[in-house]
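Shared chain: subunit A. Partners: subunit B in the first complex, subunit C in the second.
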Partner chain A sequence: MGNEIFVKAASTTPATAGASIRISRLEKRFGPVFAVDGVDLDIAAGEFIALLGPSGSGKTTILMSVAGFEFPTSGTIQVDSEDLTYVPSNRRNLGMVFQNYTLFPHMSILDNVAFPLKMRGLPKAERHARAEAALATVRLGGYGNRRPNELSGGQQQRVALARAIVYQPRVLLMDEPLSALDKNLREDMQLEIKRLHAELGITVIFVTHDQSEALTMADRIAVLKDGKIKQIGPARELYERPANLFTASFIGEMNFVDVTVESVGDVVSVGLPWGETWQLPATAAVDGVKAGEAAVMAVRPERLRLGAGAAGQIVNVTLSDIVYAGSAMLLIGRLPDGTEMRARIPGESQLSSLAPGDVASFTVPAAAILLYQGKR
Partner chain B sequence: MKPPTDRGSLVLGAYVYAVLTFIIVPLVIVIPMSFSQSDYLAFPPTGFTLKWYAEYFDSRQWRAATWLSVQVALLTAVCASLIGTAATYAMVRGRSRFVALFQILLIGPIIVPHIALAVGLYLFFQTIGLSGTVPGFVLAHTVLTLPFVVFTMAAALGKVDANLEAAAMSCGATRFQAFRFVTLPLVLPSLASGALFAFIISFDEPVVSFFLSGIRQKTLPRRMFEDIEQNLTPVIPAIATLLIVLSIAILLGGHALRSRSKTQSSAG
Partner chain C sequence: MTKAVRSKFWHSDGRRLSGLSTLLLLLPFFAVIAFVFIYPIAQLLLISFLEPHPTLDNYARVVDNPVHARVLMRTLWTAALVTALSAVLGFPVAHYMSRTKGALAALVAVCVILPLWSSVLVRTAAWSFLLQRNGLINSALMALGLTSQPFKLLYTQSAVVIAMTHVLLPFMILPIYGALRSIPNDYARAAAVLGATRLRTFLEVILPLSLPGVVSGSLLVFLTALGFFITPALLGSPQEMMISTLVSKQIREILDWPFAAALVGVLTVFVTLLAIVFSKTLRFDRLMGSAS
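Then we have the complex of A and B:
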């Protein structure tokens, strides 16, 4: 049934193609602070890009530069090869959704949604007809006469979404649009936004610091730190082969062990802190590790297998906590040198015999091991 | 069982009534005196007459002084609200380093004694020929009333989320349109009360007007002082009574406006 609505809506609303965006060598300084420090980002028409990063990493500043509320110190921003770097925000024709709804409290819902059309000089009747249609797109048809304070947070954010798309912009910018909503509403809205994106073909830049939100929604995710893009790619790539230590620790859960590289060739041999030497496939080395230097070995907790299996390295872990976590058991313990190690093991049948204090053997499949330069 | 008597609230109640009495007593004295038949100010009043009101309305001089004060107060209210709103907007939203200095300059007239300001303005306006003119009064009163507009507007503008204006601009509004369609409607009640403040302050401002009044151009307060010095007839309490009635009417009107806009915005 959901599919029917989808098809219907898609056929009545002509698909507006999104615009391509090119951000080149973007730099924004606030006094001594580099809020954005040399960002290059090419976004294809119709793509859904998430900007993900810790607080202060420059996500908002990048978005505001695209929106025209901040002018960069240097660099350019092009939308469909038109240079918009210093064009004022009101002449960019980009849709924008803010974190705190930002509906105009003194206007009705319909007037809120019709506001961009009013600014574009459309006659009242047409404004209202198109605003009604936009409200229907976000499933709020018939709410036009209400006031913003009569709607729930999720409904208000949907109105803000309707207002951002009512004039059929080719780019939709969103700065943590869901972070003020509670978890269930947030998931509903994630689907709603995905649906709109598919329906309208609009290019989306979506700022979030919630990684699961970024991973589920975006075609590609740009991971930011200190104003720089540390990695950009689709969710699977980011999760399965993080390009650097920062991404590896920022996205998902990861176990890290400090090692020393002994030799690099067809296989990489590393010395572990408790004296063993492991031979790893050369593909394990993500960035160029060198013999004789320190490196960090990384393994996701769900890649560990309980018990000594055939293909892989064996580690012995002294368990300290055994936590029931719904779909899996979380086992927390220490490696022989004291480094913490976590394992997520699905199904509990084989685990009932384990207790804190026990030493358990785990198999680490060779394919699950990643190796980075440096120390953790 | 009786609830325990709270001494603190008893004392507070007594205090409030004392203050109210203190405020109301002059009114209670002034209003009856305006109907007194004796030719000089006397309490208790004797008899009942409306002749002092008639004298006020018949006198060309009183009417001229009133008209001048009304003109000046209206123009002052307009100028102070325009300048005050623009200045406050710049202070609240601006990123300038000089905001603090700017603030002090705007609020200065509250701290500087009016007599000092009056003497300065008197000397200055004499040399440039603004003394005793409507523009002269309006200029002086605008300076005096600006702080009140700035205070009310700073509170109101501070409450309007700057992101609302950003949202309006992302919808295609210019900065001015964002102010006109979003910010202004939200601060309109405060703007109205700021303007009202300016009007009332200008209307019964005595000190600066005393210095700036010419021989023919006298504001109502200045004219009243003259009359007190020379005649001291009950026309003064008659005017005072009219002013009291007018102020109460304005206050009630403003209150009605505000409560109407409140119910409108909460239940649309």
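Then we have the complex of A and C:
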């Protein structure tokens, strides 16, 4: 009965249509533990969203709830304003790619890709033709007669991708789809998925714990911790102006220094642990820091400049390690109060003279400094 | 780099045992097998060909005498029936076991495994109590008014089939359970999200992937059933002998060792053929290729 509806949906929905998704106040409890704790997430049609977080942050549970493998304790999930919260998986018409490919080992590649069409009652000739076409989309045309175990990991994941899009679902869910692949293959697949996303206009929810993957692939990234979204935004925003200490420490490398706020006005003046007072632009304060309270100053290692420059604050760092890291040199040392400080300096001209034990001066541009409430 | 341990007992990489040590470790096992299994069987087969003088007469008697041929056919048929019944009864139990966790799963597992620790004799005797003329089943049927006369249940081929199925069921359940457990959860999820109902998921994905378990369970049950002795001897009808009871009768009552040996020879040929056919025609390793 239900199957006929999908056939119709699958054949009348144009290939370029992604669905919008609205997740409202989603909550999932396992006993006393909140796996997902009141998540609101609006995803535009055709958007590529990454759910990024450490393990146990709830990102997978959210995806499982959208896929219908988990039913939330409360809250709703709507796809194109249709409430799917408690609809079984097989009636959601969503595409999904799993971490471990999950190709059925007893079926040929073609039968694997044709499987969802078979479930939708399409005649054999048509489902084989469409499966062939889907295989061609992921550049595996002609592989139909092989068995899953005759393909490499990357090829298997491309077959899984073909199988997930062959019935033209409006949404594609991806659960760490690249984490089982080695690095080079992973980068190829990232491009492949980006290309498919652009071609099909499908809405993608992509779960990952790999931040560089999230930053390069997604239109917007939701950073999760303890079942809550800590910040959601485009990569640039997340990286350049993290909204809170967690995001600041989770995304990329960051130096933190505990400071005391002395006054807040057109400029914020902060007292540093080694006695200096710095005047920072008011825009440095990301959340409302208050005079007299503790705050954390944050600077990205690659924003530090070697040597005393004009526009910025000067810090003296006693170097402990000088590491050649390919595109940049990584300098690790301690500030006068003992706080660790890292700097990534491109080029090598002035660096050859530095040795562990030296005291080097760095310029911290005022625009590179962010200020958060609280302590490290 | 640690220096490789060089010795006769280790492979040159220092991590694996050498061929010699492997052989030494396996030797006791093969010695026991050779002594308690291969030697007596070989002796028996020799008797079947050489006594009373070098001849094939003993085998001719198995085939020529319709009674003996019928015993052989009955044995094969009973073993097949028991295999089919235990597959049908055992699969749901194995499936349930593979999907349940916690106390309930442990309880089911104990129910499956516990009978294996009690003697076949005890379990067979229990059935004879249930099935006898004034046993539990007949009294229940009569109390319910379903019959006025007790059925003849004991000493029938049905009693043999029922009790053998009960005794051999764990050998079917455990391999199927193993096969089902090795199917990753994500397969069922993938099938569901691709649009398969629970029934289709089972028929198209779970069942085919569990077939290796069904096959090894069936092989275990069928081969064991072929040589079953106690249950047919205690519950079966003397007019409907199975091959093991026939062999026993030849040895203990008629003292016709050469003929008994010929019967064993025929059974051995069947068992061997079956094993070869299964391993040659069905490439289950290939089926399970990437189901890791």
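Worth pointing out:
To be clear about the criterion, the second predicted complex is superposed on the first by the 361 of 376 C-alpha atoms of A that agree within 3 Å, B and C clash if a C-alpha of one lies under 4 Å from a C-alpha of the other, contacts with A are read in each partner's own complex, and residues count from 1 in each chain.
By our rule, a contact is a pair of C-beta atoms (placed from the backbone, for glycine too) under 8 Å apart; a residue touches a chain by one contact, two chains touch by 3 or more.
What you are looking at is a predicted structure, and each value in this text was computed from that prediction instead of being measured.
Per the definitions stated earlier, placing subunit B and subunit C onto a shared subunit A by superposition produces a clash between them.
Contact with subunit B, but none with subunit C, is seen for A:108 once the two complexes are overlaid on the shared chain.
Residue contacts after overlaying the shared chain place A:147 against subunit B and subunit C alike.
Of the two partner chains, subunit B and subunit C are each touched by A:116.
In the superposition on chain A, A:96 makes contact with both subunit B and subunit C. Of the two partner chains, neither subunit B nor subunit C is touched by A:307.
Overlap of the subunit B and subunit C contact sets on subunit A: residues 67, 69, 88-90, 93-96, 98, 100, 102, 104-106, 115-116, 118-120, 147, 149, 163-164, 167, 173. Against subunit A, in their complex, subunit C makes its touches with residues 184, 186-187, 189-197, 200, 204-205, 208-209, 286-291. Interface residues of subunit A, counted against subunit B in their complex, comprise 67, 69, 88-91, 93-96, 98, 100, 102, 104-106, 108, 115-116, 118-120, 146-147, 149-150, 160, 163-164, 167, 173. Within the complex formed with subunit C, the subunit A residues making contact are 3, 6, 67-69, 88-90, 92-96, 98, 100, 102-106, 115-116, 118-120, 147-149, 156, 163-164, 167, 173. Taken in their complex, subunit B has these residues touching subunit A: 161, 163-164, 166-175, 177, 181-182, 185-186, 265-266, 268.
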